[in-house]
Structure formats: C-alpha cells, structure tokens
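Shared between the two complexes below is chain A, which has chain B as its partner in the first and chain C in the second.
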Partner chain A sequence: MKILLLGIVDAVVVWAGVGLGTQNAYALLSLLLLGGVGLNIAILSRRAYPLRYLLPSLLVLFGMVVYPILYNVYISFTNLQTGNLLQKSQVIHLLENRYAPAPEETIYAYQAYLSDKDELLLLLTDEQGQHFLSQGKTLEPLRPDDQRLVTQDGTTGLDVPGYHAVTGPALYQLLPRLETLAIPVDNATLRLSGIRQFKTVIKQYSYNPKTDRLVDLQTAISYAPVDGRFTSAAGKTIEPGFQTWVGARNFVRIFSSAAIGKDFLRVFLWTVVWAMLSVFLSFSLGLSFALLLNDRKLHFRLVYRTLLLVPYVMPVFISAFVWRGMFNENFGIFNRILGDLFHVQVPWLTNAMWARASLIMINVWLSFPYMMLISLGALQSIPDQLYEAARVDGAGAWRRFWSVTLPLLMISLAPLLIGSFAFAFNNFTLIYLVTAGRPAVLGAATPAGATDILISWTYRISFQGGSGNNYGLAAAISILIFVMIATISAIGFRMSRHLEEVYG
Partner chain B sequence: MKKLLMLVLIIALAAVVGAAQTKLTIFADDTRTPLLRDLGAQFTADTGVEVDVVEYAWNDLRSAYVTSTQAGEGPDIVIGAHDWVGEYVANGLVEPIDLGKKVADFSPAALEAFTVNGALYGLPYASENLALVYDKDLVPTPPRTWDGLLAICRAVADPEKPMYGLAFQNQAGNFYQFFPFLSAAGGYIFGYDDKGALNPCDVGIATDGAIFGATLYQSMLKEDLIPSGVDWDTLNALVEGHNAAMYITGPWLIGAIKSAGVNYGITQIPAIKGPNGAYNVPKVFTGVQGFMVNSFSDNKTIAMDFLMNYVATMDTMVALMNLGDRAPAYLPAVTQAGPDILAFSQQAAFGVPMPSIPAMASIWQEGGNALDLINNGTDPATALKQAQDLILTAVDCK
Partner chain C sequence: MARFAALLRRWGPIFLRRFPRHLLIWIIIAYALFPVLWIFSASVNPTSSLSQQKLIPDHITWDHYRTLFTDPNYPFATWLLNTLKISGITAVATVILCALSGYAFSRFRFTGRRVSLLALLLIQMFPQMLAIVAIFFILRMIGDYAPALGINTHLGLIMVYLGGAMGFNTYLMKGYFDTVPRSLEESAMVDGATPFQAFVRIMLPLVRPILAVIFIIQFITSYSEFILASVLLRGSEQLTLSVGLRFFTEQAFERRWGPFAAGAIIGGASFLLIFLPLQRFIVSGLTRGSVKE
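Let's turn to the complex of A and B:
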C-alpha cells in the first residue's frame, strides 16, 4: 500500500519533471527532484522515520508559500510588463523564425516519403515542373529522366526502395516536422507554407550566442540586448522585448515619482481608517451579539446564532453585488425607501464620504459573524468564579464587562483581531467588487479613487493604466505593502503581549 | 525486490503517458465552443488530427491565453477581440496570417481592425457596435437629430414612475459607452503619426468638440432625462420594467429586450448639432472578433488549414453569425443576416475600430474616471483635461 502510494507520487514527479524539463524551468525542476528524492529516502529508510511526517508539509509550505514570495521578490527586480513578457530565449526563437516574403516568390508542390527508420525524403516540384529532391537540409535538382521518378496517372512520384509515400492522415501527423524545416535555396529559404506547398521566404534575423548580438540579415545591422529589447547602435528596437533584470528601478520609481508620492498619503490614510474601523465596528457588533447569545436566559439561542451566521456563509461575491445593487443611487432599495418617505437621495456610492461609509457598513455586515464566533468561544473560557468574585466585590454588569470580560477576552482575541486588521488592510475583493476604488477624485495624479486602498490602487496603477500590465512595479509595491502590514502587526503583537503580562 | 520492480513499472508508465500525437488546441468562449467542437470532429474525421477545444468565459480568454502562451503551453488557435491584439503583438504572442485569395471575402474594416503595423493577425468573424434601440410604443418615429431625441425624452421622462427618455450603461468608468458623446462634435482617442500608425501621444478626448458633447450629456443627467449609475444589471432591470423609451446599446441587449416583450426598433444614434452648427452622427467604437494563431504553435500549417477550410466557409460563418447575433465579417454571410443585424450595421458606417495599442489601457482608466467625475457634477472641461493630462503622463509622453 505504502509503496503503491509512493509509486504514484514518484510517477507524478517524473511526469511533472518531464514537463518542466522540456520548458527549461530548471530551478523548479531541481526543486522537484530534490523534493522527490527526499520523499523517497524519508519513506524507504528506517532511520529517517520522523521525517516522513514533517517532509510533506514542509514541501507543501515551500511550494505554496515560500516559492511564490521569492518569485514575487524576483519579479520586483525585473521589467516584467506588457511588451517585456517573454524570456529572452523565447524572443530569440521567435525572431530567428521570422521570415519576410521573398522578392521573387517560388512555390513548390511536394510529396513526402518516410523510410522505415523515419528518415524523411521530399520530392518538390516548382511551378515550371522541375523536380527537386530534399532530405530536409539541402535541395538537389533532379533530371527529368532520373530513374527514381515514376509517373502514374499523370502525377509524378518517387520510387526509392525502403521509402513509402505519406498521404492522408499520416501527412497531417508529419506536418509539424515539416514545419521546422528551413531549406536554403540560392538567396532564400524554403519553408512549409500550406498543407501541400513550400514557399521561398527570406530569413530576417540571426542570433549569435557568442557575441550576444542579433543581426538583421538584410541590412547587416547588429542589435544588442539593451533594457530587455534588441537595440541597434542607432537606437532602433525590435519588438517584442523580453524580461530582464533591472535592479532596484521599480522601487526607485515608486519613491521618486511625484505622482505616486502625491496620492500615497491620502490612500494610505484611508486604508488605515478602513481597516481600523472595519475591525473595531465589526468586533463591537460581534461581541455585543456574543454577549447576548451567551446569556442562558435567552430563548431560541440556536436559531438566532444560525441566522446571525448567514452573512458569513454567503460568498462575498454574491453579497457584494447585492449590496451594490441596494446602494444604487436611482434604483437601490435604500434610496427608494428614503425617496418615498423623506424625498432625499443619498449618493451612497458616488459621493466620496458616503462611498467610504457604505463600504465600511458592508464590511461590518460581512465580518461581524466571525467576530461573534470567536467571541462566543472566548467567552466560554472565562471562569464563572471571576464573575462571582466581582459580584461579591460589588461590581455591576457594566463594571464586570470592562474589568473582567474584555481584558480576558483580549488575551485570546488580540492576535485574531490583528489578523483581521491585516486582512481588511488588503481586502481587495470587496473594494473591487463594490466600488472598484471609485468615485474618481478631482486633482488625483494617478488613478487613485476615493475608496481605493493601497492594494486596489496598486492594481490600478500596474494593470489598468499606462501601457498595459506592469508586473514588476506591482510586485515592488506589494513588497512595500507587506513591509507596512508586517510593521503594524508587529507593533500590535507587542502590545498584546503586554496584555498577557498584565492579565495572564 | 518486488516493491522496487513495481516502483520502476509505475514510473515507466508515467513516462509513456507523456508522449503525444499531433493535436490542434483551440481556446474559445462558451458561446462558440460547441460549434468549434463540431467542426473539430469533422476535421478529425477528415485528417486524423485531434482537435481539443478548451472552453473559457469570454472575459477570461485574454489572460488565459497570455499566461499559458508565455509558459509555452498556449493553444494553437485562440478566439479574441481585435482590441486585445495590440497587447498580444507587443508581447510577441500571435503570428501574422495570410488569408490568400479569401481576403476579398472579408469586410475591409474588420481586417483593418485586426491589422497591427501593416500585418494581419486575425481571421475576423463578427463585429459589434452600439446603436439606438427604441420602444416603438413610446417612440413611434425614431428621432433623426439630438434635438428630436431631447423632445421625446422630455415628453416621456418622469423620474417618479420611473420613466426615462434614454438609458445606457453610464455607471462609473464605462468609457466605451461615453465615447459617442465625445466623438460627435470632434473628440477622438488617438491621432495618427506620419506613417499612419496610431500615435499614443496625440490624445483627443479634451478637444472643444469632446467637451461640448460631455456638457450635453451632463445637462441631460441634470434634467433627469438619463438615469445615472446604470450598470449591466440595472440596464436589464430597466428593460424588464419598460422604464426607458430609448437605449444606446449593442446586440448583447437584444435578447433581454425581446424577452421583456418590448416592441423595439434599431436605428442610428441621432445626429448632434455641434458648436459650429453642423450635424454629426456620433461615432461609436466597433469591436471585431476573430481567430488568431499562436506564434509559438508547432502546428501553424494545420491551424491555418482548419481556419481557411473549416471556419472561413459560408456554413460556419452563418452559424457564427446566428450564435452571437453579431454582424458577420465574412461578406457572403451578410445575405443571410436578419433585420437587427443590418440595423446595427447602419450605425457601423459611423464606427471607428477601438484602438488596440497598449496605451488604450490608460484611456479606459482615465476616460472612465472622467465620466465618473462628470456624473458627480464636475465641470466636463476640467474632468476631461485632467484625464488627458494623466493619460499622457501614464504613457510617458510628458
């Protein structure tokens, strides 16, 4: 059983390895092999017994968490963006296979033959009826009276022992192989240009790996790789560009760009306010419900608790759209009611302050059940004796809450609240689904809307503006956001440790 | 020993599974996937080449294609909109194609839309654009001029009911729908450089004509002739409730209009009288859809064979037309087109292909923000000039 499972895992590793190997992804391949070998040793060797429990989780942790983070850091130091998407080797492959139409185009019909050993033989016939023979490397003219030529039913074919003609479906299987052929003829190259024909074309570029130069074969101009693009001495560039290392340029751009600097403070402040208020309000609401539900005198507690969990179990995708619809200025339910009763129209999502308030309302609705759940759990763990002691000391309900319940709750809940803060800080989904960062702000220097938080602003700068997608810049900004959240969380944890020292 | 043998056998099996046959892979959207699967089955029967059609939602096709092709796992053929081609070409992901003699069968405007730097990158099958769709019960004769449209709007509009004169998707950021207002009196997206290519440094969304059109739009908004904040869901609700007399929309809304039982007609968007007194029909964006070939495909010849002999045929093109209710790009199929398609085509005479160059991303972003500001009452000149400045900065022209 164990061996069967290991066999399946090994098979997957080999399959994935072959895939990675053919794509030249050697870094991932070596990791995969290392992991695979390690796994085999851990399971087959008796001495490595404890490892067999640790290793799989470590591997998954590495693959799902550490590797993406490292990759993100790597991307932030590259120029990966629209126009510089491919690897250099891919671009060289593309350019070396780029052909221009020949000035005097010649079209050859062909018939393909294969030997039993899969050797290729082509009979090519140009428009004048002149026959040629090729094995894929050169073109060899045939005299009309060549012995190997056989004419049958008006069509001429080849009769070479050991070779058979390829037609029908077998020809289609052969086409990818024929497509790779580039047969030199005079000043041109012969390439497959249709199911049944070859055509003369002119090869445009040739790459010299020794000098790292791309040469235009027609003009003899040499192009050097500069900044992810093959560039001539005169500054002419060839599309497409490729990924390349650009050092700290993306970071420099963030800090030196006047436009980004101008909007940063506004977006950052709103992000902090948004995260703080979301956590504070939803925790207050959740805790209030938890206290109510914790009262044993309350009837139908299970029913209430189930109902209160509904916002939490609804997918954000659905509730965000429902809320957006309800907040619609002309047709939303809120403005219908307000309009009918008081003849007022609240610009829920179109006025900056209202849009922010609406978002916080929605987020409180979405997250208070979670706060309620964790508070309920933590409330159970507070021993009744403490309350009794407080009561004996003459503390009222209010005092008992502030002096006993809340401090003891905070010990266990503070780390969770910090987690919620970090989550709200980066809650791209909700912002994007409800307002997409809008309404727009007059006088903004970048596409920073009134409700954009740092992460949605990053998205708009990197993917929705400029000239397409800029992954390098996005990666750099996300690293900075990570640093911010890490700092805020570290401070939070330090403070919560004080709580523990005081009350724990 | 037995265990080891078993291990070796399983590994060997995995290696064998890795070997592959020639196969044509196509990325297509959900609407066109069934048709392509049928064509693929026919192609397989004729040539023995297996055809694998991978289904995506239309909105996911673009990123799925870019990501998979970059990783060397892209399809041989992909369906897409012409305005994605600019990005594909900049990234080197699509191959120029040669339609040979069949080129004469295609609408020149559709071919033009798929042309980047003089090379054709797609075999077009359909084009779509906005037009005026009106409720015949409320608007017996469609207006020819914008003044006529305003008169009808004022006659029918009643925000309490609610009933609006004209509705379209003007929710935050929908610049596509806003463009007709800007273009009527002379706004444009990009100018051309001396070689005839689009010049991202010449942006015309804040010209006097554009500001004139935007001001006209804002005044209709203030008069409650147009509802604001209409997104796709709201638009459908308006159609369902017969809450508007006229819509500026595309073929994608016709299904909803039919099922709501609206007695509809389709016509040109009425001409707007510009500041110089001349009447101009608002220009709309045309979007063309087509098939493209992956530049990294090992089966380009087979892919082209499939496209030329199985897709670029009367039967397939008519089927594609009926699937999407879009105007065909294949001219012989126009004879089979229904009245709705022909009506939308009238407006297409006043269409400009959506620019496909990557700088268009900035137009969508900042143009959309400008519409947002105008909706919220900002002076159109201020909003559009800010957008123009920000676009020029974002595409490094300033």
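Let's turn to the complex of A and C:
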C-alpha cells in the first residue's frame, strides 16, 4: 500500500521534473528533486525514519527561506534592475528578431484564407501585380493563368477547395498570428507591416556565439556585451539590457559613491537612533509602570494590567493608521487642541525632525506594554531578602532601585532588550504605514526620505525607485542589514549565555 | 450615617494613601487607551471627516460600518475574510509542521542533528522580508509553472509565511518536548503503539499549551504582516486587511476617516476575539522564556 502510493507520487514527480527540465527551470527542478528523493529515502529507509517528521518543514524552509536568501545573495552580485531584467539569451533572441526596412522595399497586398483545420494560406500581390502563394513558410510565384486565381469585380482572389477568405472582424483576430510570420524572399524577409500589407525587411542584428558579438548587418558595427548591454566601440548601446554578474560593484557603490554613501550613512544613523531611543524610552516607561503596579496589595491590579496591554495587542497596522490620523497636520486632534489653546500648528509628520520624534512617540506607545510585562515578570523574581538587606544597610528607596533592582533586572532582561532593538531596527511596517519614509530629502541620490530606516529604504529602492527599480543594489543593502542583525543577535546570544552562568 | 462615618474612618486613610498611586495609574491607562477611544468615537460619529470629528459625538450612528460593508470599490468584508483565512491556515499548518519537526529534533538522534539545529538558529535570525526581492522573483517563477502558487495567490503567500515560521517555532516546540519525560511514550510503545501513534495519542495531548502558543504567535504574525502581502498580492479582491486598509487610506484619508475608523475597530475587535481567550498562554510563555525562577 505504502509502496503503491509512493510509486504514484514518484511518477508525478518524474513527470513534473521532465516538464521543468525541458523548460530550463533548473531552480524549481532541484527543489522538486530534493523533495522527491527525500520522500523516497524517508519512506524506504529505516535509518531515515526521523526524516518523515522533518521533511515537510525542511521543504518549506528551503523553498521559502534558504533558497530566497541564496538567491538574494546572487542578486546582490548582479545588475538586476529596470532595463536589465531579461536574461542574455532572451535579449539576443529579441534582437535577432528585430528587423529594419530593406534597401529596396517591396510592398505586398495580401488576402488571407483559412481551412477548416485552421491551416493558413496567403495570396500576396506585389506592386507589379504578380501573385504569390504562401503557407507562411515559403513564397511560391503563381502564373497569371493559374486556375486557382479567380477575378471578381476587379479584385483577384483564390479559390481553393476547403479554404475560405478571412475578412472583417475575423481578420483582426488573425493579425497576431500573421505578425509572427517571417517569410524569406531573396535576401530579405517578408513581415506584416500594416493591417493590409506585408513588406520586405531585413534582419537588423546577427549574433555570433563564438565571438560573443552582436553585429549590425547594415552598418557592420560590432557590439560587445559590456555591463549588461551590447555596446559598440564608439560607446553606443542597444536597449534592452540584460542581467549580468557585476561582482562586488553594488557593495562598492554603497561605500564609494559619494551620493549613495551619503544616503546610506544618513539612513543608517537614523536607524540606529530610532532603534535605541525606541527601546530606551519604552523600557524606561514600561519599567516605571511595572514598579507602580508591582505591589501585591494593589487593588484592581489585573484589571489595570489588562487595560495597559491594549496598545500591545492592537495589530500594528491599525495603530499606525490611527496615529497617522491623530498627527495629521491640519485636522488631527493634537493640532486642533494646540491650535485652540495656543494658536500653533506643529508639522508632526511633514517636518523631518518632528516626523522622527512623532515616530518614536508612536513606537513608545506601541511597545511600552511589552516592556512592562517583562519587567513585571523580572521584578517578581527578585528575592525580598535583598531589599531587606539593603534597607538594613541604610539604603533609601532611590538607592535600592539603582543598586539592587536595576542591576538584577538587567541580567534577565538584557537579551530581550537586544531582541527588541533588533526588532525596531527592522520595523518596516510602522515606518512605512505612518510616514512611508517621508518627508523627502532634497538632493538624495536614491529614494531615501528623512524617516526611512534601512529596511524601508531597501524596499523603496526595489519597488519605488524614481528612475526605475534597482534590485541589485537593494539586495546588497539587505545583506549588509543581515550582517548587522546577525551581529546584534550574536551579542544577545553571547550575553544571555554569559549571564546565565553568572546568575544560575 | 454613623455607619458611613465608621466606614470612612476604616477605609479613608488607606484610600488617601493609595489614591495618588491609583490616580497615576489611571492617567497612564488614559494614555494607553486614548487612541482606541478616539478611533471608536470616530467610527460612530455622524461625520466621516477627520476635521469635524468630536471626541464625544453629537449622536451615535452606525452608518460608517454600513458604508464599509457596502462600498463596491473597497471590499472590506472580503479583505477581512482573506486575512482570517490566510492567518488561520498558516497558523494551523505551522502547528502541525513544527510539532512534527520539533518532535524529531527532541526525540530522535540522527546524523546532522546538531548541525541542523545550529543552522535553524542561524536561519531564523534572518528576517524573511530582507529577501523580499528574491521571494518575489521565486514566486513569479513558480507561478509560470503552477499558477495556483504564484504571485497574487493566497496559497503562495501562505507558503511564504510558513517558511518564515519554521525556524523559531520548531525551536520553541523542541524545547517544550524536551520537558516531557520519555517514559510516557516508551510505555505506550511497550503496549504495542507504533512510534507515530505514540506521538499523536500520547505526546500531542500533553503539549497542548505550546501548540496553543504557536497557534497564537503565528496567527498574530500573519494577521498583522504587511510587507510580504503588499508585494505579493495585487488586485483588490485578493488583499489582506493590512494591505487593503493601506489601499483604502492612500487617498483622501482625511475625508474617509469615519469608515476607516469603523474598519479599524472591526479589524482590532476580530483580532481581540481570537487573542483574549488565549492570552494567558502568551503571558506565561513570555515570562517563562525571560525569567529564571
């Protein structure tokens, strides 16, 4: 039974694999093979029993995380961007099918005929009145007295049994098919050039795989592939460009190009400030509230705690919109109150400094409940004897907090704070939904606004570039972000292990 | 009267001593709840414009809720259903897959186990959204061959979410399985259960709390996820709530404030309905991870 099912699955895998293989989709093919082979091993081998439990998770993990990461690394070393999206082979194919008008142009009128089996027949007539017959591949001259030619009302048509003339709306439906035709004549090619005519054209480019050069057949200028574009010796390029390996150039550009480097530095600094202030302020606030609530004799303690959790529980995208409305410069509640009381209007989200401050305020509101929650937990684990000992030694409340509470809290909370830092570092949703990185910065080389953090900057370079989307550069920046996050996490990991040794 | 005086004598000092603290706490609660009250007030205010909203409405109306569900340009109900569907399926699938893989890492000893665990730890550090460009291209490629899994499909998005959920949750699961003694399954196997039966019948019921935690964590994550959904979904019928609301507020935010507020309240409330019954698991889970007793 098991074997039978496995056989069926294997058959499907092989069938799909052959399909993918013939279409050159090697990436997908390898994933499919990985899954297929894994499944067989898991079912057939006794030693690989654990694989039966692991395989589903491993497959989605590979397909949707590991493979994208590797692919991302690859993209960061290419010039993938608007204008360079196609593969080189696709571009060559495209250019080789590009035509120029022939030196001695001949125009053919045509009449199309279709058989019942959808076979195409064309009657072409040149300017001298000479008729030709074509099935789309070759051109066959017809003698004026050919029996298949019928003249009626001054126009000549074909009369072939089983074929009917295509006219009117049906002709329009046929046009896409006619457009694909390229009928060779003498030194040129016949291509559709209007609704009612074919024209002689000649191929514009020819590609030589041995020399890797594209030659313009009319001017005999040879184009070499340079930086993802076919470029002549004189520096003339042919659009479109193609993807190509550019080495570490994207990384070098971030640091060496003055313009991009300036954007990077500004965005990076703001990202760090944003993450640090967010964590510091929300932790200070959360800890103070936790101290206030950390009294077992306090009435309604649970009610208070639940109410204070609300900002944490609201989905971030909803809170972000609500705050955006409240900070609205003309109609928001804050400016209405300030306007009524003091006649001032604060540019909450439109001035660079204010927008940054507003974002931090919003993030503090969003994250203080989490800080409060973890502080409460940690506060309860501090033994009372320590406070008593401190009191006996004559320490006041203030001194007890700084010398006993805070150091002990930090031991258990430091790794979590580092985690929060990493989270704020990459808090795309909040930034994007509240300000979308705006206000814009004049003179920025990339779409980097005043409140853009690294991750939102990457997103905008990828998907909202003013001069097109630069995926290669964005991928390179995202790898830098990963390195930073990994460093932060490693420190956090180290610290928690280190502290565990100290504490327990 | 005498009784009241006695009560006052008994409780008065305590109240006075405690009063400042309670007042302070209520001020903090006001800070925490103000935006929520404000948005709720906007959702029942007769005006739909941000500029005319009053905190206490002249009279209460449910018009904005009605608008929200009848506007043909902004299929809010569809967005809500899409979101619940995507988050629900992702959360259930995550629980199943991570229970399986967590169990394997906890119970079986196989070659490459330590390396895989380490690799998993590294991988889950990488925020999936950083590879958004690559994910976009991969889904487009998959979509060429299997349209049901490509760009702009819910299944494709669920697959992406699932991939992102594996690392962290497998770890969580493994940790919990480690705390359950092996002898329980061993006795089941002595009684003739296959390993898989022992896993399903004995282990899964025992680890129900962690299954609930993973379900909530994943549900919350997918429910509020914005960036992946915004890149991978197009066409207003396909959107999730987060992307849809963004789309809704992109233009004329000030004038659509009322219907938006109603949407925010419904979005937040449907989320709370799922979260609140399960919140005690989260709170204990958070503190369990952070505090050493």
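The working rule: the second predicted complex is superposed on the first by the 262 of 504 C-alpha atoms of A that agree within 3 Å, B and C clash if a C-alpha of one lies under 4 Å from a C-alpha of the other, contacts with A are read in each partner's own complex, and residues count from 1 in each chain.
We adopt the following convention: a contact is a pair of C-beta atoms (placed from the backbone, for glycine too) under 8 Å apart; a residue touches a chain by one contact, two chains touch by 3 or more.
Model, not experiment: these values are computed from the prediction.
Participant: So, does A:L192 touch the first partner chain B, the second partner chain C, both, or neither?
Facilitator: Touch partner of A:L192: chain B, not chain C.
Participant: Looking at A:F331 after the superposition, I want to know if it touches chain B, chain C, both of them or none. Which is it: first, second, both, neither?
Facilitator: both
Participant: Where does A:P439 make contact in the superposed view: on chain B (first), on chain C (second), on both, or on neither?
Facilitator: First partner only.
Participant: With the two complexes superposed on chain A, say which partner A:A389 touches: chain B (first), chain C (second), both, or neither.
Facilitator: neither
Participant: Classify the contacts of A:F482 with the two partner chains as first (chain B alone), second (chain C alone), both, or neither.
Facilitator: Second partner only, chain C.
Participant: Would you mind checking which one, chain B or chain C, touches more residues on chain A?
Facilitator: Comparing chain B with chain C, the partner touching more chain A residues is C.
Participant: Find the residues of chain A that appear in the contact set with chain B and again in the contact set with chain C.
Facilitator: Shared contact residues on chain A (touching chain B in one complex, chain C in the other): 19, 23, 321, 325, 328, 330-331, 463.
Participant: Spell out the part of chain A that touches chain B in their complex, as residue ranges.
Facilitator: Contacts found on chain A: 3-4, 6-8, 10-12, 14-15, 18-19, 23, 82-83, 85-86, 90-91, 93-94, 168-170, 172-173, 175-176, 178-180, 192-195, 239-240, 259, 321, 325, 328-331, 347, 349-351, 435-436, 438-440, 442-447, 449, 460, 463-468.
Participant: Considering only the defined contacts, which chain C positions touch chain A in the complex?
Facilitator: 18, 21-22, 24-25, 28-29, 31-33, 35-36, 38-39, 42, 49-51, 53, 55, 97-98, 100-101, 103-105, 108, 110, 120, 122-123, 125-135, 137-138, 141-142, 144-145, 159-160, 162-164, 166-167, 170, 195, 220, 223-227, 231, 241-242, 245-246, 249, 253-254, 257, 260-261, 264, 267-268, 271-272, 275, 279, 283, 286-287, 290-293
Participant: For a test of understanding, state which residues of chain A touch chain C in their complex under the given definition.
Facilitator: 19-20, 23, 25, 27-28, 48-50, 53-54, 56-58, 60-61, 63-69, 71-72, 75, 289, 292-293, 295, 298-300, 304, 307-311, 313-319, 321-326, 328, 330-333, 365, 369, 373-374, 377-378, 380-381, 412-413, 416, 426, 428-429, 432-433, 455, 458-459, 462-463, 471, 474-475, 478, 481-482, 485-486, 489, 500, 503-504
Participant: So in the complex, which bits of chain B are touching chain A?
Facilitator: Chain B reaches chain A through residues 3, 6-7, 9-11, 13-15, 17-18, 21-22, 47-49, 66, 70-72, 87, 89-93, 162, 172-173, 200, 227-231, 233-234, 237, 295-296, 298-302, 304-305, 357-359, 361-362, 364-366, 368-370, 372-373, 375-376, 378, 382-383, 386, 390, 393-396.
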